[in-house]
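What follows is a pair of complexes built around subunit A, which joins subunit B in one and subunit C in the other.
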Partner chain A sequence: MADQTVRQETFWRFSVLQRALHLIVILGFVGIGLTGFSMAFSSVAPARTFVWFLGGADSVRYLHRFFAVVMYLCVVTHVFWLFYYKFILGGDLFGPNSICFRKQDLLYFRDHIGYLLALRNAPPAFDRFTYWEKLDYWAIFIGMQSMSLTGLFLWFPEFFSRFLPGYFINIAQVLHFDEGVLAVLYIFCIHLTVGHWRPEVYPGDWTIFTGKTTKETMMKTHPGEWASLNPSPRGSAIGEK
Partner chain B sequence: MKPRLQTSAVAVCTIALCIMTLSLAGFSRAEEQSSECLNCHRQRNMNANEGILSSRLFCFNCHQDPASHGDFRASKVSLQVKPEYFQKSPHKFVACVQCHTDVARSPHRSLSGVQCVTCHRQIYGRPGTHAEHFRVRCESCHTDSPFVTLDLTKNEVKLSHTNSKLVPISLAEHKTTDVTRQEFCTKCHTSNNLVGAPAMVLPSKSFVCVACHYSPLQMGNPLFLVAIGIALIGIVGILNFWFKARVQDEASSVHRKFQLGSEVVWSKIFSKEIFSVVKTIFFDILLQRRILANGVSRWFIHSLIFYSFFARFALSFFTLLLQKLSPEGELTLTLVNKDSSFVAMFNDLTGVFILAGVIWAMVRRYITKPDYVATQDQDTIALVIIGLVTFSGFILEGIRIVIAQIPQQIALSAFGGYLLSRLFSVVNLGWQTIYGYMWYIHALLWAMFIAYLPFGKLKHIFTTPLSLLLNYKRE
Partner chain C sequence: MDQLRVSLCRRNTAKKTLTLLAHGWLIFVAWLILLIHVQPAWSENLTPSSSWFVDMNRFLKSAHGSLTCERCHAEITAKGKVHPNREDQTAMKKDSVRSYDYKRCAACHPEAYRRFLQGEHAKALAKEKEIQQSGLKEATPERLAPTCGDCHSSHYAQSKLSRVEIGSQMTETCGKCHKAQEVSYLKDIHGRMGVFLEKKASAYCTDCHGAHTCESLKDKQKAFEACQRCHRNATIQFANIVIHAGPEDISKKDPEKQANMVLIGTIKRISQIGTIIILAFFALQTFVWILRELHNKLRGR
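The block that comes next holds the complex of A and B.
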């Protein structure tokens, strides 16, 4: 029965696995960004100092690849989680609780823009994940694939130039750097703003760290999910308490 | 200016100054270039194939000539190098002076020999094959010439400039060895070889050896695969048993049990309770307070074994990490070499400690038998395995010192192994052959340790810290 009281107060949004993965990705991302840019901007004094501090270019290269492997293992874990969610927990990949995009998101997007332009009175009843949260997730998820592909080209150039023309390595170098810049800008400008610096949650949305959210937040930001959890036609849970 | 603003402005400036100073410190290491020919002659741009080919042409000026020769022990050895030798070589686009770094000078003679490590520096101390052959120069194995020699003055194995009949031979062909062929190893690893190699071609260490030795992250011999397989079965059994228990009123769903259990762990880590957990880790797990409370001699016995294993694991893991991060660092090259005085001394000291702990424990269990010591079969198995692993390790080291003819001043650091080596050198039982069998016995014993880990008493290595962590409040 103790569980029941907890459920009325807080709502679990992220499992320990998801929270841990987020923490690891934070550390991995900072590490990969610092080592990557200190190699890319090797002519700049602070970068040189940083490289010297870490023990030289070999060391930085090794750490960069180490962080890359850690980050990609997180991606693999997510894919495994997807299968687990679908086949063992019997979840619906395109249901309202899923991170995957579905047709409904387009309608939510239209309605949300309408609300922001004051054409509608209320924001749409978002489900477990809003469309911008989904975009945040999938941008990184897909970005990781191209990043790791170009990264592999640079890690094993001899292997890839056995069956690809040599200029693919040069292209990979350009793309890897450009996407690195893009990823860092995305995380620090868009992800942090949308995820953590919005007025509603400023200075940070702790849900991804604690895993839980309050009833008020649920009702306000995820009304669709809230409604699905409380299918009471007679009134809200506030009245019962 | 407000005082607070002023303070922060000063702080920002100080930090900026610190960063700038550090940045400048990172700069500038003096260019080192002292090869004498290149003091006046223009150095080619070695970053481009044109520079490399032109630099090579300079050497070929003389060395292409069939009359090019060197005088070696009063006989002539051809030093003619044909360009076609490099046609299929991996060093097709490498200039001569990039490997023979000290030849561009007068008198035209190399003192240091070929320098593979300037380019292949990651390889140098890598475990698995290279670190084990630390005193063997690269070209001894990687050049296709059947003659190698042991230079006892430098304690290194190198390519011989003479054949087995001491007739000088030419090595000008620059032919690299096909490392997939068996002859690659059996050049040295045969019975009665003169370079101090064991007669058997032994497999590489496995990653499970990292508990005591610097070893590669690979499976190694299938023996270890079997051992790890058995251990995994045991671990699955233990986990299965654990997850049969209830977790906060949840009896059936394993998913829910995981969820609840991990939630508890998470909430402990990110709360003030983490300090109590750290305290438990420090006092109960690292300092073993509870064993000390049970008796000082118990604590001593356990510590002799536990700290030695722990220190060995820490050192070998640290070496592994260091080799990846700084493969040519001075510290790395000291730590990957098991003959370096620190590593040898460290390994022998910890080995002696483990043996002392095991013997002390055995004396208590089987001879003095105090009332409070209850001995079960699993205690005996654990002690015997640990004791034999360590003892066989010392025997191996002793044999290695004998057959490799490691000079006394180097071997003395490994005092235990050195003592045994003096003993072994009295009689020649064919130690080169025995070494291989002994190696397999040592490996088999460790494989048994791994396989037995989840079944008997040894599982306390993992379960006791875990239960201490889970029960830290019930003090």
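The block that comes next holds the complex of A and C.
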């Protein structure tokens, strides 16, 4: 435990917009998951009780679509943010500070798996975003596109069956359900464990909520970014990349 | 002194936890008792079929409760009619539903009876009689085609049920013979919304297949007309949405639907396998990850 009397050097990792969007996505995701599964598993009594609690089938359908629109607005905001990052801030979309995947991430992934299997002594020197953070981000980002498409099919079946065969609605049902299961299990089991509950970060990584991180964590989990912020004349302290 | 205070504090916490736990158990037990007492009310059998014996208490509460016996069973007051001999071995052994002449229902329910005669069930019944009379086939079909009494309980059916109650009972009644259709309907959005979530705007069996006509909707035009009753903006392709997307035996007679079902099934399998592979990979990685970091922590690194 770090000594509380010494003022920790803090770094800003997430802007207000990013933190707010994460919070909204949390609320939207929990809402959409609960309402969606309570409809999909309505043959089970607790799901029916939950639907009754929310005011019946109609209001659950309404809430599901409301949360869907909220979630998709978040995606749209992120697209605008990418444009802002590229053209106004002049950021490099495939640079080390970007959320986009680069070739380097494949090497990081290989090295990290090597670290997990005890073939290496230390995790690789990650940049601003680790590969699993990028994976979580893009899984939601791309997953939202297909979920929205299949969701729109189920929302407006009359419209889509005008120019597509009717059984496409059935396919949309199958994919919407399976991807819902995948997304919910991925976020609640894997994202939460990796992001918050694994021994290194237990009991939680509050950076995404406070936006701040300490020098210690920066050096430990994002040594690449740390090194780029503190170019040392005598070379990097964490060795070669 | 300090030690004493700490131990006291600890005991208090422990006691608090125990009390809390006890309350938790109380709540749990209360729920259990409630459920045990409420459960029989839920599982009450609502529509037993007719038999030779009538439970007058339930009959008087039913839709026909105000009618006298001879309104429907006129023959019991006929001259020279004697009560069946109770000592006779064959008395009351005949199926009561099969031996009643349901033409008499038409006296009060002419529209329903007319529609029944137009429908698929009446056709199946006529075919069955033909076979029996010709005596060509000894073997009777597994299930007999239904008459009024097979679906409606003439003595106990309740009146003034809500649309949702009628719909749920209907699903069970039709499902006695059309099991696969019942199962696939309850998986479909109409069944989940109508029966489980009690949304009365949803469609129940007869809303699509017609009350008493009980048509098959293999004909796309016919199915389309059924869809249009609720989905006003639907086009003919809308009727190609598979509602009874269940086991293969439903679509056996419809090659187009069967082909679509195969496609849907293939996509379902691929997406399920994909989901499992992705989740299994990351679950395994996370598990190894935790082990590795625990190892580091325990080694004090």
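One rule holds for everything that comes next: the second predicted complex is superposed on the first by the 224 of 241 C-alpha atoms of A that agree within 3 Å, B and C clash if a C-alpha of one lies under 4 Å from a C-alpha of the other, contacts with A are read in each partner's own complex, and residues count from 1 in each chain.
By definition in this document, a residue touches a chain if its C-beta (ideal position, glycine included) is under 8 Å from a C-beta of that chain, and two chains touch if they have at least 3 such contacts.
Predicted, not measured: the structure shown is a model, and the values here were computed from it.
Peer 1: Based on the superposed arrangement around subunit A, label subunit B with subunit C as either clash or fit.
Peer 2: Once subunit A is superposed (C-alpha atoms), there is a clash between subunit B and subunit C.
Peer 1: Quick one: classify A:Asp58 as touching subunit B (first), subunit C (second), both or neither.
Peer 2: both
Peer 1: Looking at A:Glu216 after the superposition, I want to know if it touches subunit B, subunit C, both of them or none. Which is it: first, second, both, neither?
Peer 2: neither
Peer 1: Any idea whether subunit B or subunit C touches more of subunit A?
Peer 2: It is C that touches the greater number of subunit A residues.
Peer 1: Examine A:Arg48 and indicate which partner it touches, taking first as subunit B and second as subunit C; both and neither are also allowed.
Peer 2: Once the two structures are laid over each other on A, A:Arg48 reaches both partners.
Peer 1: Using the superposition on A, tell me which residues of subunit A are in contact with subunit B and, in the other complex, with subunit C.
Peer 2: The answer is residues 48, 51, 56, 58 of subunit A.
Peer 1: Provide the residue numbers of subunit A that touch subunit C in the complex, in ascending order.
Peer 2: The contact residues of subunit A facing subunit C are 39-40, 42-43, 48, 51, 56-58, 60, 113, 115-118, 154, 157-159, 161-162, 164-167, 169-171, 173-175, 178-179, 181-182, 185-186, 189-190, 193-194, 198-200.
Peer 1: Using the touch definition from the top, list the residues of subunit B that touch subunit A in their complex.
Peer 2: Touch residues, subunit B against subunit A: 19-20, 22-27, 121-122, 248-249, 255, 259, 262-263, 265-266, 270, 324-329.
Peer 1: Could you please specify the touching residues of subunit C with respect to subunit A in the complex?
Peer 2: Subunit C residues touching subunit A: 186, 189, 192-193, 196-199, 231, 233-235, 237-242, 245, 260, 263-264, 267-268, 271-272, 275, 278-279, 282-283, 285-286, 288-290, 292-297.
Peer 1: State the interface residues of subunit A toward subunit B in the complex, per the touch definition above.
Peer 2: Going by the criterion above, the answer is residues 2-3, 15-17, 19-20, 45-46, 48-56, 58-59, 62-63, 88-89, 209-211.
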